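This structure is in structure tokens; I'll ask about it shortly.
Order of writing sets the chain letters: A, B, C and D. Residues in each chain are counted from 1.
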Amino acid sequence: MRRLYDETVRIAEHRKVNEKYYKIAFLSKPLARTIQPGQFLNIRINPDLDPFLRRPFSYYRVKGNRVEILYEILGRATAMLATKKKGDALQVMGPLGKPFTAKIKDKKRVLVAGGVGVPPLVFLAERYRMDYLLIGTKSKKEVLPKSELAHVKAKILYSTNDGSYGMKGFVTHLLEQIIQKEGKSNLFIQTCGPKVMMQAVIAMARQYGIEGEASLDEYMACTIGACLGCMVKTPEGWVPSCVEGPVFAFDRLAE
Amino acid sequence: MKSKVNLETKIKNLTFRNPVTVASGTFGTKGEYAPYVNLERLGAIITKTITLKGRAGNPMPRIIETTGGMLNAIGLQNKGLQDFVEHKIPFYRKLNTPLIVNIAAESIDEFGELTRTLTRHKPVVKAIELNLSCPNVEAGGVSFMRKRERILDVIRTVRDETDLPLIAKLSPELGDVLEIAADVLKEGADALSLINTLKGMAVNIATRQPHLSNVTGGLSGPAIKPVALRYVYEARKHFKVPIVASGGIMTAQDALEFIIAGADMIAVGTANFVNPRATTQILEGIEEYCRSNGIRHINELKGSLHNGKEGPVFGG
Amino acid sequence: MKSKVNLETKIKNLTFRNPVTVASGTFGTKGEYAPYVNLERLGAIITKTITLKGRAGNPMPRIIETTGGMLNAIGLQNKGLQDFVEHKIPFYRKLNTPLIVNIAAESIDEFGELTRTLTRHKPVVKAIELNLSCPNVEAGGVSFMRKRERILDVIRTVRDETDLPLIAKLSPELGDVLEIAADVLKEGADALSLINTLKGMAVNIATRQPHLSNVTGGLSGPAIKPVALRYVYEARKHFKVPIVASGGIMTAQDALEFIIAGADMIAVGTANFVNPRATTQILEGIEEYCRSNGIRHINELKGSLHNGKEGPVFGG
Amino acid sequence: MRRLYDETVRIAEHRKVNEKYYKIAFLSKPLARTIQPGQFLNIRINPDLDPFLRRPFSYYRVKGNRVEILYEILGRATAMLATKKKGDALQVMGPLGKPFTAKIKDKKRVLVAGGVGVPPLVFLAERYRMDYLLIGTKSKKEVLPKSELAHVKAKILYSTNDGSYGMKGFVTHLLEQIIQKEGKSNLFIQTCGPKVMMQAVIAMARQYGIEGEASLDEYMACTIGACLGCMVKTPEGWVPSCVEGPVFAFDRLAE
């Protein structure tokens, strides 16, 4: 049987990291044990019935018993989460899902991140030696502060839509440059971010025949494979992305 | 020492250790909730709807939150009868919890075949729940009259094929619930399951598209609890048969409302997604309530709703 | 300067300055909300149901909160037609906001008399909404068939008596909403009002009594929004007539969902109790949305729901 | 037009007063202007939709711009209210309803309070000279601390069901004693509390032919006379207790 928990935790730290992201930290032994980047938590934000469903968030960082998540306000529930204060309680299910592949032989590893996909990839790049971490944002003010990226073991490259930081344009342009520079046969891509971004990354990977993994963020309810709400089409048919994913090898994703 | 409360509940000749079960389609296919709940404490387990052949279901998005509930348009995704018999029945054979299999079909013949096959697995399959009302696969525009005729055909066919207890699951989307209930009971159903989801929808105002790929979906959760409770109450007034209640049961308080209104079994559905321990917490809450109210057998509580005013009130 | 959005909405030959109105029975009888809302900013005001003779209504408790909504069993308390004509019409005559009078009756004759009298007050009374579906006064056990016949009789009678726009207010409690809608439109109704409350109940587990003296009541509020939205959407697909939408509209977002699904008028109901400024805030929110989406006339938005997928998705 | 407001206020103070009561204070000019004891507020406890309806609470004390309410936890909404912290926002409608009659000639004034009826009567007894304030509780631990009653201009008498404080029994026994002592023709009663208590008080008043007023606490939604949910039967028919009350003369209440 999988080891799953549903813990009441107290917020130990909660702060706005920049224009885009908020960070919440809490302490929990069961939720911090043997966590791999790419896994996630399912959080009941209020003890009452609004929001009604929980919301999934990736592990952003785990140190000892301390768990951090990094989130952005996208709708009602995340807006409510942002009003929580130190000491407030959250009800948290985890650890959920399958992580990113940690060890790939020989190949150079490129992480491609955007939006809500940044947290798990920063976690991955802190845990393991990566070669590149490409981060795409709209503008400079959404770029994570240096302090949050101090332990990343990878070369970080930025793209912004408005050119206010790093390269102007989409993060796939950065990826294209890396592919040109490093050679397609030498790369392994791991990506998480907005659907359109991941679709572009996967399309490029397919074009060049590069292997990789994407962490999908389907809308979820149960997060343990019971509701069949978050299915992803694979060669074996529909599978729940909360259990079989959220990380999927590119070649398991329908074109 | 805590005094013991007798929570035994019956459907026909079948006895359940307690009234707490799970609503079809909300508890996985085999043991997803085992990390959170001791499955052998449940009174029974009701499966997700099984169809004769496997069904792929609807495209994503299939679910969306609404106020106090959610919409789903899963579209009865399941691997079909054969897979169920081969891979799920062995799991439930080892489990000391009665299994109720929920079925649906597009034709009378399929209903017949499903029932025949499941009846052959009687030592494991303890009862059949007929999903007569899934709003996500019903062809649109079918009139209440036609639905009613079809339902009666289904009951007759299925009744001929099995002596397992038959539970007819209804929803207001089918027409007049009490009228249909009277019909299905006359044709041989042993119990009622009230209610399935209500058909609803949600719109994404940013894209001006429906939130669900299927446009509409089934509304579940506490939002529909008052409606479910009212149908259980009305059915209890009219019929003596056992009633399996579902519709927004999140807490023991909710469950007790349904029991007092007349429910025999409490099917916990959407609540599982919000609180994976909902089932056993509800069970404990029911026991606790019985103990502190001096109730020694759950039957004392069932249908005990009374309407006598307690003395005059200024507005009363 | 803010660009101007044209929010004009029509029912038959009647033009409203904007689509925001109030749902019957939720806005008082004359100006209760005036301390919070400039009544002359509303597109229209719909009155609480008026009956021929006054009605005392049900005993207390008449209301109870539920998840994301409330149950009410007011029982159509009102002072009757004569009081309305004498004391309310003069108030509305001075108000520069179109008045829609909601009526109900126990007999066809009463419906006729109400309509005749109100039609005589045409300069003030701009349209009539027929409450065909109040769950709190309906004699129990009436079959869908009987209800349908009665409704058709009502429409025929009322249509004969007036040339005022007639809005038929329906609820799923009456039977198949689309079927009834087709009928009432054929018999001369000019618009639909969707939906009235759903019948529900709540139980006090401490006393084992229903929370409402009337046992059951009408469920309103955002809990029923998905159901209301679906009926508006389905009615829009089938019929070209104007639709007045009510059911859990709390915010401009909610209102926009209804407009995109096909509503012409937005009736704010239970929301008034939670937020007394809901109506005008919703109006401002609709305007704001139109402005930031380059919509110059609300008609561009009405029924603009589309189901085209925006590129492939992994689950799609 | 009535002067009514709906204000967003910040909690300035929130504390548990004793085993039974919590006190919340906030500052608001419009909600503190020309308030009379017996009037009330309608509070939206959470900015989200749970609880769905607002909840009515009497004015407990008004000083300058400072408004206090005193409440007990009776169900879900009041339990949620108890979790609010200093600085949290509440949405508050008021001032609502008709107050207690302030000035009655000659007669001696007896206030009879219990449960959620204590706050408005303490307010009344701080504002005007009363003769007696009778408070009934279950036991000693629910009795308000002296500090909360320091400014009451009345003789305070207690009854407790278990006899742990003051007289053992119901508050109506105290009332009976006062009637015996002062003479029935000389009294005016004002009462607020649990329905059964008020019914007993009114019955006794009727028996002795004593005039008075009761503040009813019907379940309410709109609190401005729009929903017809809180009606009370009077000789003139059903009237909304939120507007015509909550204070009613005994002779306007149906027997």
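The definition used in the following text is that contacts are C-beta pairs under 8 Å (C-beta built on N, C-alpha and C of every residue); 3 or more make two chains touch, one makes a residue touch a chain.
All values derive from a computational prediction rather than experimental measurement.
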Other chains in touch with both subunit A and subunit C: B, D
Separation of subunit C from subunit D, taking each centre as the mean of its C-alpha atoms, in whole Å: 36
Whole-Å gap between the CA centroids of subunit B and subunit D: 45
CA centroid of subunit B to CA centroid of subunit C, Å: 33
Numbers and ranges of subunit D residues touching at least 2 other chains: 49-51, 218, 230-232, 238
Interface hub residues of subunit C, defined as touching at least two other chains: 60-62, 66-69, 221-222, 313-315
Category of the chain touch graph - line, ring, star, complete, other: complete
Complex contacts: residues of subunit C adjacent to subunit A: 67-68, 311-315
Residues of subunit B defined as touching subunit A within the complex: 25-28, 31-36, 48, 56-57, 60-70, 72, 74, 77, 221-222, 250, 270, 272-277
Residues of subunit A defined as touching subunit B within the complex: 1-4, 6, 44, 49-54, 91, 93, 218-222, 224-232, 237-238
Contacting residues of subunit D [partner subunit B, same complex]: 49-50, 195-196, 199, 216, 218, 230-233, 238, 241, 253-255
Partner subunit B, residues of subunit C touching it in the complex: 59-62, 66-69, 71, 143-144, 172, 175-176, 179, 198-203, 205, 207-210, 213, 215-216, 219, 221-227, 229-230, 233, 248, 253, 256-257, 260-261, 289, 304-310, 313-316
